[in-house]
Amino acid sequence: MTIVLTELSDQQQQSVAATREKVAKLHEELPRNELVVWTAGNVSERVPGTELFVIKPSGVRYDELSADVMVVCTLDGQKIVDGTPDRLSPSSDTAAHAYVYSNMPEVGGVVHTHSTYATAWAARREPIPCVLTMMADEFGGDVPIGPFALIGDDSIGRGIVETLRESRSPAVLMANHGPFTIGKDATAAVKAAVMVEEVARTVHISRQLGEPLRIEQSDIDSLYARYQNVYGQPGTK
Amino acid sequence: MTIVLTELSDQQQQSVAATREKVAKLHEELPRNELVVWTAGNVSERVPGTELFVIKPSGVRYDELSADVMVVCTLDGQKIVDGTPDRLSPSSDTAAHAYVYSNMPEVGGVVHTHSTYATAWAARREPIPCVLTMMADEFGGDVPIGPFALIGDDSIGRGIVETLRESRSPAVLMANHGPFTIGKDATAAVKAAVMVEEVARTVHISRQLGEPLRIEQSDIDSLYARYQNVYGQPGTK
Amino acid sequence: MTIVLTELSDQQQQSVAATREKVAKLHEELPRNELVVWTAGNVSERVPGTELFVIKPSGVRYDELSADVMVVCTLDGQKIVDGTPDRLSPSSDTAAHAYVYSNMPEVGGVVHTHSTYATAWAARREPIPCVLTMMADEFGGDVPIGPFALIGDDSIGRGIVETLRESRSPAVLMANHGPFTIGKDATAAVKAAVMVEEVARTVHISRQLGEPLRIEQSDIDSLYARYQNVYGQPGTK
Amino acid sequence: MTIVLTELSDQQQQSVAATREKVAKLHEELPRNELVVWTAGNVSERVPGTELFVIKPSGVRYDELSADVMVVCTLDGQKIVDGTPDRLSPSSDTAAHAYVYSNMPEVGGVVHTHSTYATAWAARREPIPCVLTMMADEFGGDVPIGPFALIGDDSIGRGIVETLRESRSPAVLMANHGPFTIGKDATAAVKAAVMVEEVARTVHISRQLGEPLRIEQSDIDSLYARYQNVYGQPGTK
């Protein structure tokens, strides 16, 4: 089925434009937080009031991204027709993002990177143990490992969804591949991508010289509950 | 008890304004020195001539901070009324800062971060051994570990104060959490936050390939005494 | 034999000028991606429609490079006469670049760095095992080690060519020395230089805490085939 | 003996002014190359045609340095009188720089940092083995360890001079302290400070996963001889 952008309502078209702007802008966070080299990471966000999401075009470098080149896709990962004849192809990870949006209606943003420390844990297929209060706050426990999956069909998307459904964590480390993170919107997913690299790095470094001490499960639960409810400014969470 | 900012004397109000400016500015040092990601660190300073201190608002990113959004608190950690209807909530670590100011009158500035290497030692609950002349200079010995403490009551503040009272170090590594540092003002506390990460990193790296050699206690004492008295420009220390 | 730049056709001279511009610009990627310190890395590119290539001058720092100072060489590594009396000497690695262009006609760009993690593997003379999907994508398998070779004759060039001919990898780690990378043009060779450091770093970090799991050869083959054919925008690869 | 700046010849005063400018500028390289945090590193240079050298003032941050605040000292480390009433005190490492200038007439520049990886080797009192061609080029062999010495008298200076006299290396790692480097001028000493950190880092990382292979002594000799004579542009070395 072909969806044509100009057939959307005015409000939906504005929503698409706003999301393009936001997703383009958020990509700046990936190099700024040293999560990516060259073109190897992408952010997407669901377009409010539509069955669409916006994602990075494939193989384009971060300093060449703008709202204009962002690609709009349907939830099955098909690029929609928008009257731009040379519209770029969406990220090669689009199918994985689309699968998440289709199967996790509460998710509004998805991020994928190959950030170094998170990917290092992924190459050993080893979850990151919850030994930091900031992990308890943000992830509510260990960061889990997803299955090894090849690109090209639903396997990566399924691996992400199945792993995250059994965890409080907004991040999954796909085996030998790298992290995918989710959030209520793209900003939250980017924050999770930043935080998963930070905890991957800190716990890695801690373990290099001995075994870090686990936090008790009851303390993890209490930190997680507090952070999800209390932290930040009223009304922003 | 409610304190209202406009009930302070003119001089006190100027003092509050100057401290807000300074604390906002000092927050720039945290990302510049790679001590923080996202919003996870905060600086506070006691307001001279008052029973108040100024601290970062909760959950606000470093590039959005300005003197205007800094929060003024009483020494029991309560935000004071300042006529700004949408004044933000103070950092979720405010109670810990407040406890330090209440119990260590000589302290004029407090900093908290989750800087990577310092936090890695904290996750193993292992003090950083004094094997560098710059540690002897700045910390006068090992950097100590504080207890594991949950956020929400006085435990973090008490852990900081009890640990620092038994040490020359201006930095304590709170177990599984991260460093807190103190100083005669916020600049000194920021410097201690920068230095504790630097020595945590250098000693970590040194120990990865063998055991660094300790400095004799008498040499530590002599380096510390000299640095505290001689270093820098006359009249600045 | 002396080649004089002004004896080239107008089109060839324009081609030289365009390549100088491009090669000067691409050198910015080396410090930006933290692949070099001081002057220790260089990029070259074959000049289309000629038997020449353009390379960095020796011992010049990256922030002093411009199209003007780039050096034009023949495929035997001799600097050509271009009417600029104080034309700088080409990089001390010019002979190695020249050997590659002479012996691998499909190569249009060469990069050499001493990037830290790649060089660390090179100092142990140990290939980087293919444990990441992005390695399968970009390198099609392990990153190989080349022989130990002294500067001054053909040995480095021969070592590069002999090693790369037996591998899908566009990168070789010359023993105790550092990485050389090739590509269809200088941009592709720079990308390979960025990626080889990234995978060297990620696999190093993964192995610090255990053994990363290899990807099956059939999966490597399928990822490599897909990436070389599908990734990026149509017509850019 | 008091030396007064205005009693120098016009040419000498110009020489002092030019050196101040150059030394102030070179300090920018320390943070740019991540060799220092806060104020912990310094550059000095001998003033041509005088018995003086210029050095950083003590405890001043890098972004506050300018030619104006640089301090002029005699070869015994005494600050000279220059008519500026509030002239700052020279670096607390001035005695060590002065000792080097007094005892090594061929040295025109000295740099001291606490750069992380070099200091990590220094804390274990372990020389950096020559396992990289770029070490053979720049250092002509291992980077040696100097003795443990307290600040306050000649011991640091003597340790530097005695160690460097027995080595080709322009860098010495003072035990538990950090690197000092020398050069024919301050630029060369800064380059050595950058390179010693780079090789300290690369060899450290290489050794984390096994033993890097040493380069044969005859190969080191041949690389060193070539680099000292051939590298760079004619007339710049």
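Note that the chains take the letters A, B, C and D in the order they are written out, and that residue 1 is the start of every chain.
As a working rule, a residue touches a chain if its C-beta (ideal position, glycine included) is under 8 Å from a C-beta of that chain, and two chains touch if they have at least 3 such contacts.
To keep track of the chains, here are their UniProt names: A, B, C, D = L-ribulose-5-phosphate 4-epimerase.
What you are looking at is a predicted structure, and each value in this text was computed from that prediction instead of being measured.
**Student:** In angstrom, rounded to a whole number, how far apart do the mean CA points of subunit A and subunit C lie?
**Tutor:** The answer is 33 Å.
**Student:** Round to the nearest whole Å and give the separation of the Cα centres of subunit B and subunit C.
**Tutor:** Inter-chain centre distance comes to 46 Å.
**Student:** Could you tell me which residues belong to subunit A and also touch two or more other chains?
**Tutor:** Counting only residues that touch two or more other chains, subunit A contributes 208.
**Student:** For this assembly, give the contact graph shape among line, ring, star, complete and other.
**Tutor:** Its topology is that of a ring.
**Student:** Among all the chains shown, which pairs meet the touch rule set out at the top?
**Tutor:** Touching chain pairs, listed by label, are A-B, A-C, B-D, C-D.
**Student:** Along subunit B, where are the residues that touch subunit A in the complex?
**Tutor:** Counting only subunit B, the residues touching subunit A are 37-38, 40, 57-60, 88-89, 92, 114, 116-117, 119-121, 123-126, 148, 150-152, 175-178, 204, 207-208.
**Student:** If we count contacts the way the header does, which residues on subunit D are in touch with subunit C in the complex?
**Tutor:** Residues 33, 131-134, 191, 194-195, 198, 201-203, 205-206, 208-213, 215, 219, 222-223, 226, 230-234, 236-237 of subunit D touch subunit C in their complex.
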